[in-house]
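Got a structure for you, written out below as structure tokens; questions coming shortly.
Every chain is named by a letter (A, B and C) in the order it is written, and numbering of its residues begins at 1.
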Amino acid sequence: MSQFMQVFLSGLATGSIYALVAIGFTLVWQAAQTVNFAQGEFVMVPAFFVLVGLHVLHLPLWMALAMAMVLSILVLGLLFKKLVVEPILPSGGISLIIATMALGILLKESVKEFYGAEAQPFPAIVPHDPINLFGAVVSMQDLMNLFLSLGIVVLLTLFLNRTRTGRCMQATAQNPAVAEILGVDVKRMILYAFLINAALAALASFLITPVYLAKFSNGETLGLIAFIAAIVGGFNQIRGALAGGLLIGVLDNLTATYVTAEYRAALPLVLLIAIILLRPQGLLGTSEGRTV
Amino acid sequence: MTPPVLSVRNISKRFGAITAVRDVSFDVHRSEILGLIGPNGSGKSTLFNCILGQLRPDGGHVEVNGRDVSGMRASQLNRLGVGRTFQQLSVFPKMSVLDNIILAGQEHHGTMASRLFGPPDAGLTEEADRLIGFFRLTHLRDTLAGSLSYGQQKLVDAAMAFMAGPGLVLLDEPAGGVNLTMLADLKDRLTTYNAEHGTTFVVIEHNMEFVMSLCTRIIVLAEGAVIAEGTPEEIRANQTVIDAYLGG
Amino acid sequence: MGGSWLRYSLIGLLVVAAILAPVGQGNYFTYVLTSWLIFSIAAMGLNLTLGYAGQISLAQASFMAIGAYTTALLTLAGWHWMLAMPVGLFLCFVVGLALGYPALRVKGHFLAFVTLAFNTLVFLVLRNEGWLTGGNYGLIGMPRPDFGLFSTMRQINFYYFTLAVTAVAALVMWGIVRSPWGRAFKALRENPIRAESLGVDTRRITLLAFAIGSAYGGLAGALVTPLVQFIEPGSFGLVHSLRILLMVVVGGAGFFFGPFVGAAVVILLPEFLRFTEGYYLIIYSALVIVMLAFVPNGLLGVGALLRDRLRPARQRADMVEGARLK
């Protein structure tokens, strides 16, 4: 039982980080009809910004993190929107999907060429001593990750529901034409969605890279999990992405421990196919209408 | 007794708190040209979409030649002999006019296999040319449909709707955005086609003059319900209708 | 009519060039050319799915895998390639139908995700089920087809064999695109709602386009097996599906010869740009993004744009214009 708790909590922790990525993915999809196939790479890159800050610029950790966050928001948020999404979105959704795929390759290969192909150690933001909880030995890191991620989600939800800007963003996602008529600065709301996504991806990066080490190929798995979490949970709800992320995290861990190591990656994939077949709106999604 | 070509029974549709269509019923008989008119927001388009299966009504059902067609996909409805025109973007812009019209007929000829292994035009060139001639578009036969004028595209749209020889055609604001000369042309073609083939038409329109001169019977909707029914002359004189339009 | 003559003579020229290309060149050059032909077949299939039916498939490499492994296992068991290949083809078609049927019933780009998941699943199965597939070690020693007097053991012979198969595949595709099915595909990509209202069963033809496209992937895979005579799961991973997708997009989705152009760019260009080494993919993906921003219709789209400037569109549109990805 204690092993189960361990695996479960650990899964929740990883899952909460997946949730951050999935939420950002959903935000951008809802606000700007952009299915960002480079989302995984968006989570891979900020870690390398930090490493550059640490090893090339010799900044202290907190500064490197701040720099990476700013860079991420600028490059993966602003520049992404201006240089990739805006020119290509008029040509249609498919062109944009392919463009984001190409972007993913571009980011991945750039990191590989300009930084290095080997996995790099990444400093832990939170201490990872084991502690005792409910009789199970859990890592402090897992708990902190879970706590931080959920905290971010709560903040984000408060922002979207309680602030004027947040509600404007929701309106934009639901019906941009009407929102515009009502005086919402639709373009700016869309920009915010991209910026928030970049920030979420960066945060996820900081939390998850200590576990996986920084490697140019991290984006592949992370991206896939983001899509699956978003779709399984419910493509049109934030809490869907949250639920999806947590679910995948837990199931993935449980599968690896109790069922099979080889086919560990298969479970989320099968889940994805099953959900698309049986309940395309996702577990928590609604079949009509969209909300941010 | 043959069932009416189109039978609309107690159709209702709500969007949240708003009732767009309120218990509407009517029949359309063979060779009629029925006009559906009403001020903005009267529910004409919603009703139209319910009939065509684009929207699922909250109540009531629709029958075509006595057969319940609720929930049918557009392609199924079409194969039952129901054609329609669209308000906008209704042609295939990168295909020639001829190809547009052949496409409109090819799904009603032969089988999937014959459409793969048979001739590229599905044997429909002659028939398509006849229809193109009927709409006086022969000189544009090989032109890309996207490069035609708006009015010409509307004619192509009508030709596509007729190609499969449907018994019932629903026209969605056919006069919208068309200049006066073209309008006369369109009306003339529709009237002639109806006289020659006995095809039943249901027309939604805003253009009063067009509707009054084209249709044999008119139904007036206001706030989702039928408020009047009759010949154009009767409707013109109907006080309830006049009030509805003047915002009484 | 002048336009047709120009096209046919251009095609004739290309065919002659394709026949003469490997003459006098080394084995490696011939091998690369063969590789180009094989990927053109895979891209042709994906072009039907994407360029004509407007669906993104990220599983083309996994269909190549199914074709390759089926052919490998059968030829290792003694079957002749000509008998093994159709089995692989048929299997891919059926799997394509099974995969597409549920995925295409829902809106949006769900097929993209389903095919993404499928490709990864296939990879996992290939890697883990070693008893069948040889796992990470793969399968080796598959024979090159022998046609009695004509043995494909020599690289150049195998090239001509592949060229013949490619020509047949292209002719079949041409037949499909030229038929009323092709017209329905074109209608589907230009105005699917109107098409549906005219009796076109859009779900069915989208599914067929996907299944046929997948079968072409299987054919390509069936040719990979004797070409390399060694296959392993890594050759059919997601990144290869992406490469094939890029081939279709760069060449021009919906243009008949787009796949050949796109495959040439992806396969032949790095051979000529050896010096760029690791930067090749960076340059390439950046180019794709730029291209999508300015010329979403690919290289042949540029050609069409230029042609339209020089000559008004008085000719028949069918099959001459490409798609606009929507």
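Operating definition for what follows: a residue touches a chain if its C-beta (ideal position, glycine included) is under 8 Å from a C-beta of that chain, and two chains touch if they have at least 3 such contacts.
The structure displayed is predicted, hence computed values, not measured ones.
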Find the most central chain, measuring centrality by the gap between its CA centroid and the centroid of all protein CA atoms shown. C
Using each chain's Cα centroid, which is most distant from the centroid of chain B? A
Mind checking the centre-to-centre distance between chain B and chain C? Centres are C-alpha means, answer in whole Å. 41
Chain centre separation (chain A, chain B; CA means) in Å: 48
Intercentroid distance (Cα basis), chain C paired with chain A, Å: 33
Under the definition above, what is the set of chain C residues touching chain B in their complex? 176, 178-184, 186-187, 190-191, 193-202, 204, 313-318, 321
Touching residues (chain side chain B, partner chain C) in the complex: 73-75, 78-79, 83-84, 86, 89-96, 98-99, 102-104, 106-108, 112, 115-118, 120-122, 142-144, 147, 160, 163-164
How about chain A: which of its residues touch chain C in the complex? 35, 84, 87-88, 91-99, 101-103, 105-106, 109-110, 112-113, 220, 224, 227-228, 231, 262-263, 265-266, 269-270, 272-273, 276-277, 280
Okay, in this complex, where on chain C does chain A touch? 50, 54, 56, 102-103, 106-107, 109-110, 112-114, 116-118, 120-121, 124, 127-128, 238, 242, 245-246, 249, 278-279, 281-282, 284-286, 288-289, 292-294, 296, 324-326
